[in-house]
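Across the two complexes that follow, subunit A remains constant while its partner is subunit B and subsequently subunit C.
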Partner chain A sequence: MATKADVLDFIRVYADKMAEHRQELTDYDQAIGDGDHGINMSRGFKAVMEKLPTVEEKNIDDILKAVGMTLVSTVGGASGPLYGTAFMKAGAAVKGKEELSNEDILLALDEAVGGIQFRGKAVEGEKTILDSMIPAINAIKASLADGKTMAEALVAGESAAWNGVEYTKTIIATKGRASYLGERSIGHQDPGATSMAYAFQAINEVAQKAGN
Partner chain B sequence: MKKFINDVENVENEMLEGIVLAHPEYVARLEGFDVLVRADKKVGKVALVSGGGSGHEPSHGGFVGTGMLDGAVAGSVFTSPTPDQVFEAIKAVDAGEGVLLVIKNYTGDIMNFEMAAELAEAEGIKVANVVTNDDVAVEDSLYTTGRRGVAGTVFVHKIAGAKAETGASLDDVKAVAQKVIANVRTMGVALKPCTVPAAGKPGFELTEEEMELGIGIHGEPGTERKPIQTADQIVDYLMERILNDMNPAAGDEVAVMINGAGATPPMELYILNRRVQQILADKGIKVFKTFVGDFMTSIDMAGASITLLKLDDELKDLLLAKADTIGFKMY
Partner chain C sequence: MVGIVVVSHSQKVAEGAVELARQMAPEARIAAAGGMEDGSIGTDVSKILAAIEAVEEGDGVVILVDLGSAVMSSEMAMEMLNDSSHVKIIDAPIVEGTIFGSVEASIGSSFEEVVEVLAGAKAYKKF
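Entry: the complex of A and B
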């Protein structure tokens, strides 16, 4: 389960990571995209951190939706609509909840990934955000089904996300700007899959700290 | 990085301020937004909105005015504008006849403009869109996101804008925009890369002896990197690909655009044009009108693109119709 404090903590930790890895994400994007992923994500999460104090007294769903709206209106590019839609859908999935059960967390993740698929019209294996996100969610579900705790499942989730990032190095991009490169995109890791893996890293860190 | 900037965070904003201060007779800024609209709103017609990342000036704000766009939305450099910005532009220019969005084929642009269109439709505004994809350097297949929208987009602004000015319906304006998209082809080349101010370093590297053929307008890689050749040889390469894709017949008429990427002197653009005209003459293709200059730039890239638009009588009339904007004039 996750409390509202955990959700707020996740947003803050993830925002810190986007600032910290701004250059790294931009470098990955310069290799196969238009070279601004870290710039855009850090700008968006800086705006999220400015917005957060005005909504942190609200319900979890309102907080997640405010994060999504802020990302949509500040990130731009493809990442803005994709990450923004993910947070908005996750928020809508947990409407009215004071705290999140494990089932709520899974529902929010499923809705978030569904939102990204709808907006981006992509599937797994196209060298996108989905290539770290879908394996991470699947690993979390599998761990829970094996009787592991959520904290243990989130360790497996992060690990699967980074394996997904590694996998993006081996495949050809067929969506987004990297698709113009065709085979030349092989060997490079996808910047969007990478920024998504940091989201699962942030969730995992918050869960270990919270001890649940 | 050596640029005339004050703060990388303020590049887009300060540019827009500068544009409005220079050309108040053409454009006004929507208060609080990165949107330029006509200084005098034109009613009784379909409105056209385009936009995209900044760094392509005069695209798109430079084409706001009589006979072309009604509004242009400027994102961060090389980054699509956000849905809230596009939505404000749509609301501001709509005169009840509907709004046509002219979107260049990039994943981010399409998502952001689509989200804006959903917001506008929810408020009862009629919205249609077209997606430009004139870059023959990119293979259009299931395995790519499709061809990029590049300099040919300016012909869409010109011709669909002229059609809207006649009082045509949204469906008819969209149809003529689609006709331009179906008949326009472009390919570009870069000699030197461009530097996004916030990135602070070039987006890719080329040695003094190299060129990138098929370059995108954000410095995306093209089809081939080769040692630099003469202007005529470079034009031959680009024209072969454009003509193969377009497949015009002798006797066809075309409009030609030789577009500078931002740091290419007019002298060199005219040298490129010379060879383009020779090739077309040899093939018996008639040049109806030629445009040489900076229309769709890539910040400080040294490079150029060649665009051909195959014309019929309707497109010819609309191409010659009056246009009066900062970056494109036709009298």
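Entry: the complex of A and C
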């Protein structure tokens, strides 16, 4: 389960990570894209942090939707509509909630990944955000099905996300700006898959701290 | 009159395309939605939404885009409209499409006619 405080904590921890890894994400993007992923994500989450105090008293769905709306109008690159849609869909999945059960968390993750697939018209294996996100969600579900706790499942989720990032080094980009590079995109990790792995890192860190 | 919205990552590209189109069709309802609020490179859903609302007068709106997130941001702006049945993102060169669309719209063509002309803009040969 996750309380509203955990959700707010996740947003803050993730925003910190986007600021901290700004240059790293931009470097990955410079290699295969337009070199702005870290700049865009940190700008978007800086705006989210400015917005957060005005919505933190609301329900979890309103908080997540406000994060999404802020991202779509401040990130600037494709990650704005993609991450923005993910947060908005996750919010819509947990309407009216002050607290999330494990089922709610899984539903929110499923809706978020569905939103990204819909928005980006992408599938797994195209060197995108999805290549860390889908394995992470699958690992979380598999761990829970094995009788593990959510905290344990989130450790597995983060690990699967980073494995997914490694996998993106081996494949050709067929979506987004990197697709113009064709085979030259091989050997480089996908910046979007990387920023998404940091999201699962943030969720995991918050869950370990919260002890649930 | 059918409205035209120009969505580019660059404010200058969007405004430049509008400037060129205005020269040919001064009375066209056309709006630039380029760059971010602070003028930096990117596309901004709320800026696009405001541009659609600014040119919409009931006859429909066509959106010309450059690449990548311009398409996704425009789709999101469309989803935020109450009725997007007469709003369409056009797959055409952004500058040429803006000019062709503005001229066609300014002579009073319908939404369907403007869309059809713009479908041809992609195949237009310059020489």
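In this section, the second predicted complex is superposed on the first by the 212 of 212 C-alpha atoms of A that agree within 3 Å, B and C clash if a C-alpha of one lies under 4 Å from a C-alpha of the other, contacts with A are read in each partner's own complex, and residues count from 1 in each chain.
Keep this in mind: a contact is a pair of C-beta atoms (placed from the backbone, for glycine too) under 8 Å apart; a residue touches a chain by one contact, two chains touch by 3 or more.
This is a predicted model, so every value here is computed, not measured.
After superposition onto subunit A, the modelled positions of subunit B and subunit C overlap sterically. By the document's definition of touching, both partners, subunit B and subunit C, reach A:Pro81. When both complexes are overlaid on chain A, the residue A:Ser73 reaches subunit B and subunit C alike. When the shared chain is aligned, subunit B comes close enough to touch A:Arg184, but subunit C does not. In the superposed model, A:Ile137 makes contact with neither subunit B nor subunit C.
Comparing subunit C and subunit B on the residues of subunit A they touch gives the larger count to B. Stretch 55-63 is the one among 55-63, 199-207 or 235-243 where subunit B clashes with subunit C after the superposition on chain A. Overlap of the subunit B and subunit C interfaces on subunit A comprises residues 34, 36, 40, 72-82, 119-120, 176-177.
Every residue of subunit B that touches subunit A in the complex is listed here, in rising order: 53, 75-85, 106-108, 111-112, 115, 138-139, 142-145, 148, 196, 198-199, 203-204, 216, 218-221.
Interface residues of subunit C facing subunit A in the complex, by the touch rule stated above, are 9, 36-37, 40-47, 67-69, 72-73, 75-76.
Remark: subunit A residues 26, 30, 33-36, 39-40, 43, 72-82, 119-120, 172, 174-177, 179-182, 184 touch subunit B in the complex. Taken together, the subunit A residues at the contact with subunit C in this complex read 34, 36, 40, 72-82, 84-85, 119-120, 176-177.
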